[in-house]
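Structure first, then comments.
Letters are used for the chains, namely A, B, C and D, taken in the order the chains are written, and counting of residues starts over at 1 for each.
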Amino acid sequence: MALDTKQDTRTEFKIVGTRVPRPDGIDKVTGRARFGADMSAPGMLVGRVLRSPHAHARIVSIDTAAAAALDGVHAVVTRADFPDIPLDAALADIRDNCMAGAKALYDGHAVAAVAATSESVARQALKLIKVDYEPLPHVTDVDRAMDPGAPALHEGRTDESVPEDMSPNVMARYEFGHGDVEAGLKKADRVLRRTYRTEATHQGYIEPHACLAQMGPDGQADMWCCTQGQYMVRDTCAAILGLRQGQVRVTASEIGGGFGGKTTVFLEPVALALARKAGRPVKMVMSRSEVLRATGPTASSSIDVAVGMAADGRITAGFAELRYQGGAYPGSPVELGAMAAFAPYDLENVRTIGWDVVANRPKQAAYRAPGAPMAAFAVESAIDELARGFGLDPLEVRLRNAAREGTRSAYGVTFPAIGLEATLRTARDHPHWGAPLGDNQGRGVACGFWFNFGGNTCVSLNIASDGTVNVTEGNPDIGGSRASLSMMAAEELGIPYEQVRTVIADTASLGLNDVTDGSRVTFAVGLATIEAARAAKREMCRRVAGLWGIDEEAVVWKDGAACPAGPNAGDHDPMTLAEIAAIAPNTGGPIAGHHEVNAEGAGVSFATHMVDVEVDPETGATRVLRYTVFQDAGKAVHPDYVEGQFQGGAAQGIGWALNEEYIYGEDGILQNPGFLDYRIPVASDLPMIDTVILEIPNPGHPYGVRGVGETSIVPPLAAIANAVSAAAGVRMTDLPISPPKLRRAIETA
Amino acid sequence: MDYHAPTTLDAAVDILAGASGDCRVLAGGTDLLVRMRSDMAHPDAVVDIKRIASLRTITEEDGGWRIGAAVCGAEMGEHAGLRAAWPGVVEAAQLIGSTQVQGRATIVGNLCNASPAADSVPAMVAAGALARIAGPEGIRDVPVEEVPTGPGKTSLGHGELVASIFLPDRAERSGDAYLRFIPRTEMDIAVAGCGVSLTLDEDGGIIRARVALGAVGPGVMVVAEAGRMLAGSHLREGGLQQLATICSAAARPITDKRGTEHYRTHIAGVLARRAAVIAYARAGGTLE
Amino acid sequence: MSKLHVTTTVNGEVQEFLCEAEETLLDVLRDRLGLTGSKEGCGTGDCGACSVTVDGRLICSCLMLGAEAEGREIETIEGMAEGETLHPLQRKFIDMAALQCGICTPGILVAAKSLLERNPDPTEEEARYWLAGNLCRCTGYDKIIRAVLETAADMREAS
Amino acid sequence: MVKVRVWGSLQSATDGRAEVEIEAGTLRELLDGLAEKYPALRPQLDRGVSVAIDGKVYNDSWFTPISPESEVVLLARLRGG
């Protein structure tokens, strides 16, 4: 068989790169699509969680008797209902986060849950649960948590990388880099040393967490929930509740946004424990206040930076010490921040140190390029300030120092062909860069980097007897992936896009798929889809070879049909996929292709963002006037949704830079657990967000695809801060740049 | 909880007066339902007043305008006559929440919710608006600033409700304006707000002025000194700066998640100055 | 606790339901009438995902009691398409990729339809302010606003 | 022998060396070899690492071949959102 097997990246496409309508579009514009809270089951109970009103407290006792006795209450669970199974540290933390053990570690930490016949009965029952708390001193600020005398959340959790004299809240230390930073700084004409801070922000998905669980007396469990990974839910719930993975079948509903925040569990093990105890289906839906208090925001950070620059703009050395608090458990993304901080630059001397710190806040969850935006904010602000100080063009300075193919990155890897310079050059040549600015207006630029990855992936592709094709995959469609996967399948098979339907499997119907994260779906699931299509094509060529009585090698797949090829193939009319499918029972049975892989080789990605703002010096208010994203997407499978990822990441970054923050009172209680005071950007806050897609193919993917979803949130924090600093004439080093903060800076300048 | 939907004002008063537990008036519901949802209010009964026809209208009365307690912000915005007479009050009402909230929220609800940051209240106070209170003892009219007595508290007695707001007859060459500051462009609670209403003589000199501040004290504040300072003046740069200074000095804000004391004090002055400029222009004055 | 009996019209059909006095219209639509197209993103009127119209006026159904629906005309996302024919806004949202995850989409469509009924030729700024109470976290609003403005232009041309 | 770069805070486990040499032809042999030669690396290896081989990142694929000329860099375990 002379199927095209060369590994070169394909560059000519018929369907990939077009803007077809997404297959789930009609469901989603008519209200028919079923999201997490839209599921129901006969006999369903309502589950609700009782949450700690204290930032830090020992749980002396919990009395659930009165709640359990209330008419309509079918189950009450506390930590005592979760078997004390030995778990690895990460899973044990998830269990403790879903249901507190000895201590409540933050305001909103779950301490008990009930299942009742109605919402109002469930609420009443929660009020009847008596928890005896012994309040403990608390700490929510990262720098204070690192003080040796700070209230300790855990004892003995610190890993071997941490020096002994530090606060027990310091969990781990990371160090990356190469060269001699001190020597490099000495060569600089100017060394800038500053401390930058960012507040925690929440992913802010509009759909609260929701889950429906049931478990029969036969021990077979079924769950429906909104998640970025149904297999992750299955495996985590099974481990925590002492079940076998095969006992638990999880179906992912449509998902109303995740951005990393739905890559772990909060309600699911609780719902399953309630359902097991009640013997009836239990549905749990979080309120917005619960989402903000008890699900994972990202880390807050405090970052010291020292950058040396020669008068010509060459960076002689870069240093950053990053401190991230990731809430009440180890695992802030500080190591990723420390790796990504200087990644866009070709530096002889670079060192970053990261400290993972715990504090009395909700356990952080991944948020779009976790750890990178804060690091980029610090480094890109410092580079900008140095460049402006020398009177140099900040884009030119970045170009002069830009990482390129062959650069040894700050985190150790030598880069292959990358797109950073292309984004910078395109930005420099774009009309936005030279456009005039008015009074109180400023322009900022910043670069960003993200790793991207692949991971475990299964795809099954089945051809029906009329030639229609079903692609079965295992990652929820969070923003158009059914469309992009159908496109790749259709492209590979040479059939119309409309002939393919992609569905998302439950955990019992397909093998393991890692969570939808790391911008992996279009890359990894796309790769597996293409390989599954290739397997189906090989099978179809084999069937046709049998029909024609020639060697398999003499049949090739071309334009959606099997064709004879080569000198000995003979004269045969091409057979289309539909024609082959129609006679499949006669030629060996159903035709399918499948592919299972732990996909490696995701390409790194870079972006440059440019923004104009106008500052009202009297009020400190900032208005975003114009925004342009330049990003390397690899091959853009569906350009609309690539642009959408660029725009969405930029908008989230703008929110992080200007108005979003976790505000804690002195009592350690979250002050703003609602969309009223947790201020995500609204439509009237933003301008159109222009996008320029650069397509530098990723050699690790047959179509050149690379992840695009995360990189776009990395540059905006610094781009906005640089623009505001230019407009207001004061350097802003503390996010968010809320109006009171900016006004204060202007007053004291 | 009991739900009542009387069709006459008397019936509403009877229900309120006869209630033994916590009985709340439900107009737009945009505050009450949020409080119920957040477990901050557990009424035993609500009295929905939207089926009382007389509370659903905007009517001209003695040259002024009477706005029923069940009239929502959107309806005020759609009323050309009201908008022409009291643009500042209408724009303040329309700053409450989103388009969706505008479809429900009322200025009477905004007043009786008694939040220090209520947007429509400083504008109504600057306008010299009267609240008509209906109760078991009959009807009485009081200046709107006398209705809220502190955060979440009103002067209404048992069985009483505010039935309407009256905006008085407008003299020639009058204008009003309301400005608030919020961190975003929409959807936030005011960090500070300021309503200004003034009347000019034929030469553009200010005859009368009223200035009210919101969100910088436990309740709406009438800044009498600002009104006195403006009266008899033309609006010039020095005067505007003086107005800002007076309003900042009058402000008694707290520091909370929405702003610091220092910031709110400053913003109160900025808003007063900017609102005065708009009101002055609306009154037909020309700034030099 | 005795329930209230309410008769109302939803998407042109007369509906009767029983509800508790505390239940919101959103609860009733989703849990009693099976109309789960209206979403709850906040329950406090801050996100707009539950937008419906009542007697032609755009509101958040989480901020209205179910009992208040007596005798009203309610329109939800489920009533926006006429049979198989999508509303031009629905068609345009698909064509222009004005949705990513889709959770805010029903509320935004209901709100945008209400805008175009009142103002067939909105400016970008008018559209942005009208929709400021409809949060979207995926798109940065760009494609949503473009789709609304393009639909308005198409509908003006068609009329 | 394959040269492996280790990040700064792991160098206390590799006698201060930023680059160590391991006899390995595959990723699994590399990870096993590291744990054997530098037992102090074990806690981190157990918690998880990613490995960049000639610029491509691998998480778990044991059979990934590594040649003596390959650039091999140990990375903190990658996560995403």
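Of note:
Note that a residue touches a chain if its C-beta (ideal position, glycine included) is under 8 Å from a C-beta of that chain, and two chains touch if they have at least 3 such contacts.
Computed from a predicted structure; not experimentally measured.
Interface comparison, A-D versus A-C: the higher count of C-beta contacts falls to A-C.
Averaged C-alpha coordinates put the centre of chain B at 67 Å from the centre of chain D. Centre-to-centre separation of chain A and chain D, using mean CA positions: 25 Å. Centre-to-centre, using mean CA coordinates, chain A is 29 Å away from chain C. For the pair chain C and chain D, the distance between mean C-alpha positions equals 54 Å. Looking at chain D, one finds that none of its residues touch two or more other chains.
Within chain A, contacts with two or more other chains are made by residues 203, 259, 675-676, 681-682, 684. Looking at chain C, one finds that residues 20, 22, 43-44, 46, 129, 131-134 touch two or more other chains.
Going by the touch rule set out above, the chain pairs that meet are A-B, A-C, A-D, B-C. Those residues of chain D that touch chain A in the complex are listed here as 5, 7-13, 18, 40, 43-44, 47, 50, 52, 55-61, 64, 71, 73-76, 78-81. Taken in their complex, chain A has these residues touching chain D: 159-161, 173-178, 203, 259-261, 263, 333, 335-336, 338-339, 351, 353, 366-370, 411-416, 451-453, 455, 517-520, 598, 600-602, 700, 710. Listing the residues of chain C that touch chain A in their complex gives 20, 22, 27, 30, 35-44, 46-47, 49, 76-78, 80-81, 86, 90, 93-97, 99-106, 109, 124-125, 127-129, 131-146.
Within the complex formed with chain B, the chain C residues making contact are 4, 20-22, 24, 43-46, 48, 51, 54, 57-60, 62-65, 67-68, 70, 111, 114-115, 129-134.
On chain A, the positions that touch chain B within their shared complex are 123, 289, 618-621, 623, 658-659, 663, 671-672, 675-677, 679, 681-682, 684-685, 738-740, 743-744.
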